[in-house]
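In what follows, structures are represented as structure tokens.
Consider the two complexes below, in which subunit A is the common component and subunit B and subunit C are the respective partners.
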Partner chain A sequence: MKRKREEKGNLFVVPAVVWVFLFTIFPLLYSLRVSLSKVSYGKILGFTGLANYVRMFGDYRFWSTFRFTLIFALISVTTTTFLGLGFALVFNRKIRGIKFFRSLLTMPLFTAPVALGYLGVMMFYEENGPINVFLKFIGMGKVPWLSHPWWATLAICIVDIWQWTPFAFIILLAGLQSISDEIYEAAVIDTSSGWAVFRHITLPLISPILGTVMMLRIVDAFKAFDIPFSLTSGGPGTATRTLTFYIYTQGLRNFDLGYASAMAYFLLAMTMIIGILFFRRYRELYE
Partner chain B sequence: MRKKNGLVEILVWIVIAVGVLWVLSPFYWAVITSFKKPADVFRLSSVPWVQFRPTLANWKTEFEQRGPEITRGILNSIIIAVCASLFAVALGSFAGYGLARHKYRRWKNRDLSFWFLSQRFLPPAATVIPFFLLMKSLRLLDTQLALILVNTTFVMPFAVLIMKDMFRELPVELEEAAWVDGCSRWQSFLRIALPLAAPALVATIIICFSFAWNEFLFALVLTYKNASPITVVIAGTEHTQGVQFWYVSTRLLLAIIPPTILALTVQKYIVRGLTMGAVKG
Partner chain C sequence: MTGTGTYDIIVGPSWFYGDYISNDWIVPGENFFNDPRMPKWDPESILPPLKELYTWGGKWVGFNNDHDGQVLYYRRDILTDPKWQEEFKKETGKDLPVPPRTWEEVYEVAKFFHGKDWNGDGEADYGITMHLKVAGQGFFHFMALSAPYVVSPAPGDDPTKVTRYHNVYWFDPETMEPLVNTPGFVEALNMLLKLSKTGPSAMWGWSLGEAWDAFLRGKAVITFSWGDVGSLSQLTDRSVIKGKLGVAPIPGSEKYYDLETKQWVEKRNFVANTVGASWHGVISKFSKKQDLAAYFLSWQATPAINHWNVVWGWTGVDPGTLYDLLQPTGKATIEEYVATGYDAEDAKQFVNAYEEMWYKYPLKQSYLRIPGTPEMWEVWDIHLSEAVTGQISPEEALNRTAEEWNAIIDRLGREELKKIYQEAIGYKPE
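Up next, the complex of A and B:
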């Protein structure tokens, strides 16, 4: 009787597992095959072995998009984490109405990134856009936000930081709130320095959460597409194309599907390495 | 926990004010731009009625000229996001219940959870090309069904892991009593566990809805016209209207508002949702 019931409980997970096999595993295997083939306009012509992968390592445009993706990830992830931690430390106290402000700060997380990119076009507009007007007001010159490669990179980072700082903020705030007051009270007896308490008590206790935030942010930064697409269209020139952007252009605009699939597998390998590192360290969080 | 200190209190409120201003100002700019006459857009004017006279003209013109396209976009977004989030949460609550209440022998529960979690690390670029070829050969390009399938796939891992946590937090005794009375697992799931998890279920649906609504890459690749959701509609008109920000801002707001407002209703579950259950908020 009990045994029979357990077998039935088994089946609950089956539909979801089947779904993942159909719509994730199967497409990935298919993509592997495409990446090893010569493909012309959607037709698989024949097996070419590793030719697409070899081509990738010799393609300077691939390397420049990869470099841009890394720079973008580095700037965006470190800034969002630091700002988020700062805000979380400030918000972690009993103030009336704090919940309301916390809710307001989570709004950017749920706005469509592609819409934010176009909103960015309005904000960063060089002739009398609000940001340049403000900069002029505090005495700076006109900034070529979208027509200079470095400023365009910065503009993309700023939009991404605007959207994702709340992510770091609310998760770290939840982490801080889970630390009990007694630990602090005990610490205050030993030392009076706020920095010492932060360095030796708070930081070690929230480090797994800090790690989680950074890992998830790195993975998301590697996937970036919407904001460069809408804010700069990858420009000026090709200065702000991310890896995903280049895969999209090669595969679905130029229909060089084999080559694009090979690059997609490279990107997959990168995020999977990050994922494995993540699982190793933070397994217990998901128990 | 810390001593009250007037100066610190003031500094804290300044930081809060800066944060709120930083978050709200882009939204504010989009809203006022949509109510500005074209001549006012490129002037530094940010206070309605004082610095410029607000007008409904942009909204009217936008809907007169592009009404069908915009309503179709919004309708597509609603259909796709609603169906995808319902499918995902249905599959997710089955699987979540299984993972919370059953010990799997061949694959351990933990490994199954990780397997679902690993999807969070999958870059969409890795599956966009095979999906395009697949939908092309199934003749599903430019259909809502294609995007429903895609978005279900992306948001389901969220649903599985959040629902697993939710079911695990329910007391098992109620269900055990029901099993003693002869209820099957299926009956106790439907009649006891699911109703008890209803608030979490609704929150999960809303979070999944927002993610599906905001999805862009697949929508861009798999639709051209008839099934294009609002995210693709705003991207498509940019080239024809250029710097006509007064029109652009109206469309942006239509895409931005629904998920942003909905998300404000699920604050209690947001931290779990974003970390897939790693951090309990």
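Up next, the complex of A and C:
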């Protein structure tokens, strides 16, 4: 009787198992097969072994887009986390109109990245966009935001930071609010230094949340596509082309799905390795 | 991975013909031309260089729709103004060429006007405006600009004959070795760089819209682009240049590089272009309703619809048939264009520029119709952008392009592509 009930209970797990097989395991295995094949216009023409992977390691554009992805991830993740933490500390106190400002600060998070990219095209418009008009007003020269490799990189990072700082802010604010006031009251007895309280009380207590925020941001930054696509089209040249953008170009513009899948696997592996290394180091530091 | 046969019709850009043909995906449109049930349109009305985009191996494949090619637009009111003509003469010692006929003349005019307040708005204005952003279709500019430096006439009675060295633009038809880094292309890219400095530096990051807008707002004295600029210039809600538009066929060059003698020839050279997509429909071989598909495309190709699309302009369909050209060469009247809102002189300039380029230019630029074309153009686009923004030199940009094109050709199969390329450009090995 008990066994029958257990068997019936197992049936409830079936939808979840089917879901995982259909939408995770199958695509993963299928794309692995595609990455080991020659594909033309969606048709698998034959098994090519590791040819797509060998081609990838010899493709200088693959390396240049990977390098840009790393630079972008480093700048964006570091800045969003710092700014998010800063804003969270500022807003974790009783200030008049705090609810309004909190809501205002989180708005970019709810906007589609591609829309922010196109908004960026207008904001960074070099001839008479608002940013350059303002810079001109304060006596600075015209900045070639979208036509110079270095400035275009900065423009992409600014838009991404603008969008994702609220994410770090919301999560870290929740973390700060979960710390009991009693701990701070006890700390004040030992020290009057705000920095010491932050360093020895606040930071260790929110470190698990900080780690989660950084990890999620790293994964997201490695997948960045919409903003470079809509703001700079990956240019000038390929100066702001991310690896995901390159994968899209090869797979869905040039219809070379075999090569695109090989690069997608590399990206997956890189993200997982970075994630594992990050968490391992993080545990060493704070456990 | 959805399989084939889902769609009856492919309305695509002309560069996919190589894929259509080599994969045996489509049925020739001419199979239906004599079917009495089909609405009638005249394939012979499509102008000569455009015909090639609709045919393969002498057979009609596609159905008439769009007709792309770049021409030169300029401010007629400014270039014919005696005040500016006098100043130009004073500054350069030459007469202001109206219209500029070669890229060298375009450069001189654009350089002269760039930075001057020639529209009287109190601000410095531009010489030229172009769309040079990567993925902003800037490589089409370079195609049109480079053609007269690269395409050379064949010796003998027929200058239009396609030989290994003459009337070729993309590859050596015997070896499929890219020509993109030959001296003609290098000269042309240097010209593009010079021209890009006679307009706002922002245009290195501009797509079509921004480049057109600068010309339509009256900020640039010259641009070169597709027929869309001609029709958009007549929309007074976005254009201040209605009634001031000058249009000329795409400029030629003062010299060209002969691939056979490996020498520059100091002689003017003019080459008609059909750069762009020339979007049009073809019928899928897997369609179960081929008759119905042919009926629909034939109906869209009839003068009643296609010419209507052209004269109204905002449809994006550009002139390219005898129905669109003005009498006596064509069948249209100026009144037809005026009735849709064109200024009479603007319309005359616009349509006649296409007539001159596609009827009177001695040579034409071949169109790339082989598998792998989108990938090759994307590679080219990237390296051109790198060169224009100073990341690499023109020579390096073109060498890198050639190197990557060779890799693509080897990957897709050099011999197969060679056969398709030879068919596409009408080359017969001797």
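The definition used in the following text is that the second predicted complex is superposed on the first by the 257 of 287 C-alpha atoms of A that agree within 3 Å, B and C clash if a C-alpha of one lies under 4 Å from a C-alpha of the other, contacts with A are read in each partner's own complex, and residues count from 1 in each chain.
The definition used in the following text is that contacts are C-beta pairs under 8 Å (C-beta built on N, C-alpha and C of every residue); 3 or more make two chains touch, one makes a residue touch a chain.
A quick note: this is a predicted structure, and the numbers were derived from the prediction, not measured.
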Partner chain(s) touched by A:Leu203 [first = subunit B, second = subunit C, both, neither]: neither
First, second, both or neither for A:Phe87, with subunit B first and subunit C second: first
First (subunit B), second (subunit C), both or neither touched by A:Met140: neither
Which superposed partner A:Ile25 touches (first subunit B, second subunit C, both, neither): neither
First (subunit B), second (subunit C), both or neither touched by A:Leu50: neither
Touched partner set for A:Glu127, first subunit B, second subunit C, both or neither: both
Greater subunit A contact set [subunit C / subunit B]: B
First, second, both or neither for A:Thr106, with subunit B first and subunit C second: first
Partner chain(s) touched by A:Val114 [first = subunit B, second = subunit C, both, neither]: first
Touched partner set for A:Glu185, first subunit B, second subunit C, both or neither: first
Contact residues common to both interfaces of subunit A (with subunit B and with subunit C): 42, 125, 127
Residues of subunit C touching subunit A in the complex: 1-2, 19, 23, 133-136, 200-205, 207, 210, 214, 374-375, 378, 382-383, 385-386, 388-389, 391-392
Subunit B to subunit A touching residues, read off their complex: 1-2, 12, 15-16, 19-20, 22-24, 26-27, 29-30, 33, 42-44, 46, 91-92, 94-95, 97-99, 101-104, 110, 112-134, 136, 149-150, 152-153, 156, 160-161, 179, 184-186, 189, 210, 213-214, 216-217, 221, 231, 234-235, 238, 243, 245, 248-249, 252, 255-256, 259-260, 262-264, 267, 270-271, 274-281
For the subunit A and subunit B complex, residues of the former touching the latter: 5-6, 8-13, 15-17, 19-20, 23-24, 27-28, 30-31, 34, 42, 86-87, 90-91, 93, 95, 99, 101-116, 118-119, 121-123, 125, 127-128, 130, 133, 162, 166-167, 170-171, 174-175, 178, 181, 184-185, 209, 212, 216, 219, 222-223, 225-226, 229-230, 243-244, 247-248, 251-252, 257, 260-261, 264-265, 267-268, 271-272, 274-275, 278-279, 282-283, 285-287
Touching residues on subunit A, where the partner in the complex is subunit C: 41-42, 125-127, 144-149, 152, 232-239, 249, 253-254, 256
